[in-house]
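These notes open a run of structures that come right after.
Next come two complexes built around chain A: one with chain B, the other with chain C.
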Partner chain A sequence: MSNLFDLLVAGLATGAIYALVAVGFTLLWQTSQTINFAQGEFVMLPAFLMLAAMHAGAPFWLAIILGILLSMLLLGLAFKLLLVDPMMRHGVLPLAIATMALAIGIKEAVKQFFSAEASPFPSIVPTGDISLLGHAVSLQSIGVLVLAILAVFGLTTLLNRTSLGHQMQAAAQNPTVARIIGVPVERMILLTFLINAFLVALASLLITPIYLAKFSSGEVLGQAAFVAAIVGGFNQVRGAIAGGLLIGVLDNLAASYVSTQYRAAVPLIFLIVVILFRPQGLLGRAEERTV
Partner chain B sequence: MTGFAKPLKIGLGLIVIAGLIVVPMNFNRYGLFILSQWAVMTIAAMGLNLTLGYAGQVSLAQGAFVGIGAYAAAIMTTHGWPLPAAIVVAIALSFAVGWVLGYPALRVQHHYLAFVTLAFSTLAFLVFRNESWLTGGIYGISNIPRPHIFGLATNKPLPFYYVCLGSLAIVSVAVWWLIRSPWGRAFMALRENPLRAQSLGIDTRRYTLMAFAIGSALGGVAGALYAPLTQYIDPVPFNLSLSLDLLMMVIVGGAGFYFGPFLGAMIAVLLPEWLRFTEGYYLMLYAIAVMLLLIWSPTGILGILDRYMTARRTKVASALRAVAKSRLETVQ
Partner chain C sequence: MKSTILAGALLAFATATGVHGQAIKLADVAELSGGGATVGTNWKNGIDLAIEEINAKGGVLGRKLEVTHADSQSNPGVARAQVQKALDAEPYVLLGPGYSGSVKVTAPLAAEAGITQIMGGEAAELTQAGNKYLFRTSFGQQSSMPKVAKYIHDEMKAKTVAVVWVNNDFGRGGRDVVVKELDRLGSKVVADLSTEAGQADFAADVGKIKAANPDAVFVYLNEEESARILKELKRQGVTAPLMGETTLIGQKVIELAGDAANGARGHVGLTTDAPVDLIKAFREKFSKKYNYVPDHNGLKGYLAVYMVKATTEKMGKVDPKAFADTLHGLTIKAADEPGILMDVTFDQNGDIDRQSFLVEVVEGKQVVKQVLPKVK
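== the complex of A and B ==
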């Protein structure tokens, strides 16, 4: 029983990070029909930006700020202006392929300019265990969970409670009408790209201390975030959050209750079942079929 | 105009075919390997081009079918079966699995389909890796023999290159025939407008499943050639990135164009080799090249050519119209 509790907490912690990554993914899809196959690499890169800043002599807190700013500049602004904007009118598939190429580019650049080896990364949460309901729980899991939940909570508050958030939602749901009622749609789309860049930088900061900074670590993470986004609902922020937590827990439970060899298969089989029976995702709304 | 273009095209085709036969004769071992790899990947990409480019069904599982074909060939030939028998089994097996994978396509479309096939691709990789009693697990299968064709051993790189090239030729003719047959037209109708296709009496269910099954079967053929080409297989080459690479080949070459896969595979297999002199930067440059190409022409390389030809044809047509009009005016 205690084992189950530990698994749940660890699963929720990884799930919360998946949720952060998946939320950004659904935001981009909603506002600009971008399927970003480089989302995993987007999570991998900020950690290296922070490491590079630290190697240049910056203290940890300054490296974090620089890393987040650079990430918003490169993965938010430059990504939108240089790749998404010129390709948006060409439809989903060529852009998806271009982001695959971008994923290769980012991976190779990190390998070439930084290191092919895994590097340790300092944790912003102190290590150690605390006692919770009679169980020793790793402080890192709790810290990651709390920070990720705070970020997601902040985002949903922004989206649902503020005028800016309402404008963003309007721009995402119906750009034409939003434009007519005076929403600066272009600026709102740019804002979602910046938010995505911020979220991946935060996810990077939280997950890298656990799994080390490695150029190839984006692949697994990207795939997990996709699965989470689809399972929860491709077009819903709350769907992506629920999907992230669900996949995180499922993944951890599968590792100890199914087989370690087929651990990765459990979320995927779950994904196939969900898509076949509820293509819009567990919490998603159905999109009209465009024929 | 067109009467002029046809012999030109045939002449050009003959020169390319002759070049592919003659020029590699003085290539070294590695050059021949890369060129054989190009032929094999072209076959796999042609299969995906049928599924995606002609029938409009997004699949991220083609790499898994190359894996299925490769393992079928590796297991059978190391147990003493001849390669042609293994190819037949590879075709049958990938056709059957592809047919089953077509079922989700009847329910979900576009990105959802992409993700179902993506999941299938990863599941196939897990099976290759974990079922060691069959696939050798992470240690893979080594000493895969190369076949004897009409009593001739193809152990050396050059004869086996001709095996790959010959197979590519057979597949090319078959695909050429297929897309000009009623089947090919039905696929295209399915891509352009599924509802209208159905109203025209096309059994969309059957053709969707067929598009997946035939495309996958070609992936199986490519795999069955890949195994004897490398003579050693393990699960790694058949992971998701192969499927993504094949998808990239089809889009970059030009989805829905017959010659798209040939060019796409050339870019994906040969360009990184040509860029190798830049040492560690070659994959980065390759990625940048792909992005720039797609920004410039989202319909791939052949899309550029197609646009150019259309523009020229329009120009010629409007020139003809102007001439006709002026003649009409002088008569009056």
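== the complex of A and C ==
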């Protein structure tokens, strides 16, 4: 049983990262009907921006700030203005293909400018264990979990309890009506892109010390988060959070109690089962939009 | 008429001179990206360094060496296509790949073309298939794993062992030999865990190791995954001694795993920390050129080129067809060819025999604990 507790904590920590990334899928889908297939690479890139800042001589804390700001500039603002807005006119499918191309572009650029080899990345959470309910639990797992929960809590508070959040939701649910009642829809959509960029930068900061900084690390993350978003419900932030946590825990339990060899298949089988019996996801809405 | 004869003579002279001065073409196919990028990059850099040195001293039999590098992307399918492309250009010798799975699918192509392949793969089966054109730059698992099992049993005094391996040709080959040897020696395998190449999260695997509570853990993964599992082993507080092979205690692994690598031990056929003057000199030259300390793959790439040089000079001619025959049974002494770094002998299977080392990571550095002699 002690093993089960450790697995749950480690699974929740990994799942919280998936949740952060998955939330980005749902945010962009809600506001601009965009599926960003470069979301995994969006998580990979900020770590390299931070590493670049450190190589240039910046201390870790400054590299983190610069990395987050640059991510918001490149993966939020530039992504929206230079790729999403122009491609959106041609429909969702060309846009989705463009994000796939972007994923390849980011990966190759990082490989070219940095290296194809993995690099170590410092952790903001100290190593070591703390005692929790009689178990030695790693500080890193707890730290990742707490920071991810704080980020998600902050986001849901912003969306549900502030005027800005209500405006964002209105812009997402019905842009035409939102415009009539004076909501600056374009600004709200841009804000969503910036929030996504912030979340992926945070996810990058938390996961890279464990996964290592590597140009290809976004593939695994992007896929896991995409599955999490679908399982939880693509049109609900809370669905993405639940989906992320579920996939993280399920992956660890499957590896431990089913087979390490087939661990990758278990979340996919789970995904198929969910799609068959509840196509909108566990917490998703059946209808796409409401007024 | 006279002018035609003169022109013909000049042309013949120019052609003959051209052939004599023509570069000797080598083809390298390596893991320059993907999961084996560390392997391939070190291997490639070692090759380039050796070629630069040899050419600076006048080349081989007066001819310069030239190499083309191709990326297998750490994918056996891509490796096969790249090797076929490389062979179509009729190289003198094929170098690489480093991954056993990629060597397995490319070796028949090189053999069919009659081109010698000098590679970095360590899977036991590679040289046991009767391929006369395949040569190793490092020990095969049939040589290294018995030494590993003996160390776990005799030196670590482990009665129970957890074995973690990567589910590819390299990992399976090592796992099969070490499990058999441990069983023969009387150490019981209490956890036998297969992991995936490129796996990021080792929490569940380490959880299983903890649950099995072994006296020692044998870790046989590729470099990046080795670093990840070392961090996870430390994170979950596994205190059993860790034993591995070259891929557990390489420089890149130490860099990636940080403190978590301390205490890990491994048998290595080659290490830049070896107490051998020629290897120390190699390490210095390599570090100066590339600004990092190479792992064993850097040494392997370097040696591969010097194997080409020594064999060709032994033949006294550049003859791709006779190359493999000459290399079989050849002993190259470091005194005669310093680039080979240590005295080495190649047997009839293309397997290698030379000294090897037992290494421990102490405060982020490889420390050689024992030097093991040549088998024969």
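Convention: the second predicted complex is superposed on the first by the 287 of 291 C-alpha atoms of A that agree within 3 Å, B and C clash if a C-alpha of one lies under 4 Å from a C-alpha of the other, contacts with A are read in each partner's own complex, and residues count from 1 in each chain.
Going forward, contacts are C-beta pairs under 8 Å (C-beta built on N, C-alpha and C of every residue); 3 or more make two chains touch, one makes a residue touch a chain.
The structure presented is a predicted model; accordingly, all values stated were derived computationally and were not measured.
Q: After the match on chain A, would you call chain B and chain C a fit or a clash?
A: Partners fit side by side after overlay.
Q: When the two structures are overlaid on chain A, which partner does A:Q261 contact: first (chain B), second (chain C), both, or neither?
A: both
Q: Given the touch rule stated above, what does A:G105 touch, chain B (first), chain C (second), both, or neither?
A: So A:G105 only meets chain B here.
Q: For A:I35, using the defined touch cut-off, is the partner it touches chain B, chain C, both, or neither? Pick first, second, both or neither.
A: first
Q: In the overlay, answer first, second, both or neither for which of chain B and chain C A:K214 touches.
A: Touch status of A:K214: second partner only.
Q: With both complexes overlaid on chain A, does A:I230 touch chain B (first), chain C (second), both or neither?
A: First partner only, chain B.
Q: How wide is the angle at chain A between chain B and chain C, using CA centres, rounded to the nearest 10°?
A: Roughly 70 degrees separate the directions to chain B and chain C.
Q: So, A:I272: does it touch chain B (first), chain C (second), both, or neither?
A: first
Q: Let me test your reading of the model: by the given contact rule, A:G154 touches which partner, first (chain B), second (chain C), both or neither?
A: Touch partners of A:G154: none, neither chain B nor chain C.
Q: So if I take every C-alpha atom in chain B and every one in chain C after superposing, what is the smallest distance between them in Å?
A: Scanning every C-alpha pair, the shortest chain B to chain C distance is 5 Å.
Q: Need the overlap of the two footprints on chain A, from chain B and from chain C, as residue ranges.
A: After superposing on chain A, chain A residues 111, 261, 264 contact both chain B and chain C.
Q: Enumerate the contact residues on chain C facing chain A in the complex.
A: Listed in rising order, the residues of chain C that touch chain A are 32-34, 37-38, 41, 167, 193-196, 198, 200-201, 203-205, 207-208, 210-211, 224, 227-228, 231, 234-237, 252, 255-259.
Q: In the complex of these two chains, what residues of chain A are touching chain B?
A: Listed in rising order, the residues of chain A that touch chain B are 35, 37, 83, 86-87, 90-98, 100-102, 104-105, 108-109, 111-112, 219, 223, 226-227, 230, 234, 261-262, 264-265, 268-269, 271-272, 275-276, 279, 289, 291.
Q: Spell out the residues on chain B that touch chain A in their complex, using ranges where they run on.
A: By the definition above, chain B touches chain A via 58, 104, 107-112, 114-116, 118-120, 122-123, 126, 129-130, 193-195, 240, 244, 247-248, 251-252, 255, 280-281, 283-284, 286-288, 290-291, 294-295, 298-299.
Q: Inside the complex, what are the residues of chain A that reach chain C?
A: The touching residues are 3, 6-7, 10-11, 14, 111, 115-120, 127, 129, 136, 138, 140-141, 210-212, 214, 216-217, 220, 251-256, 260-261, 263-264.
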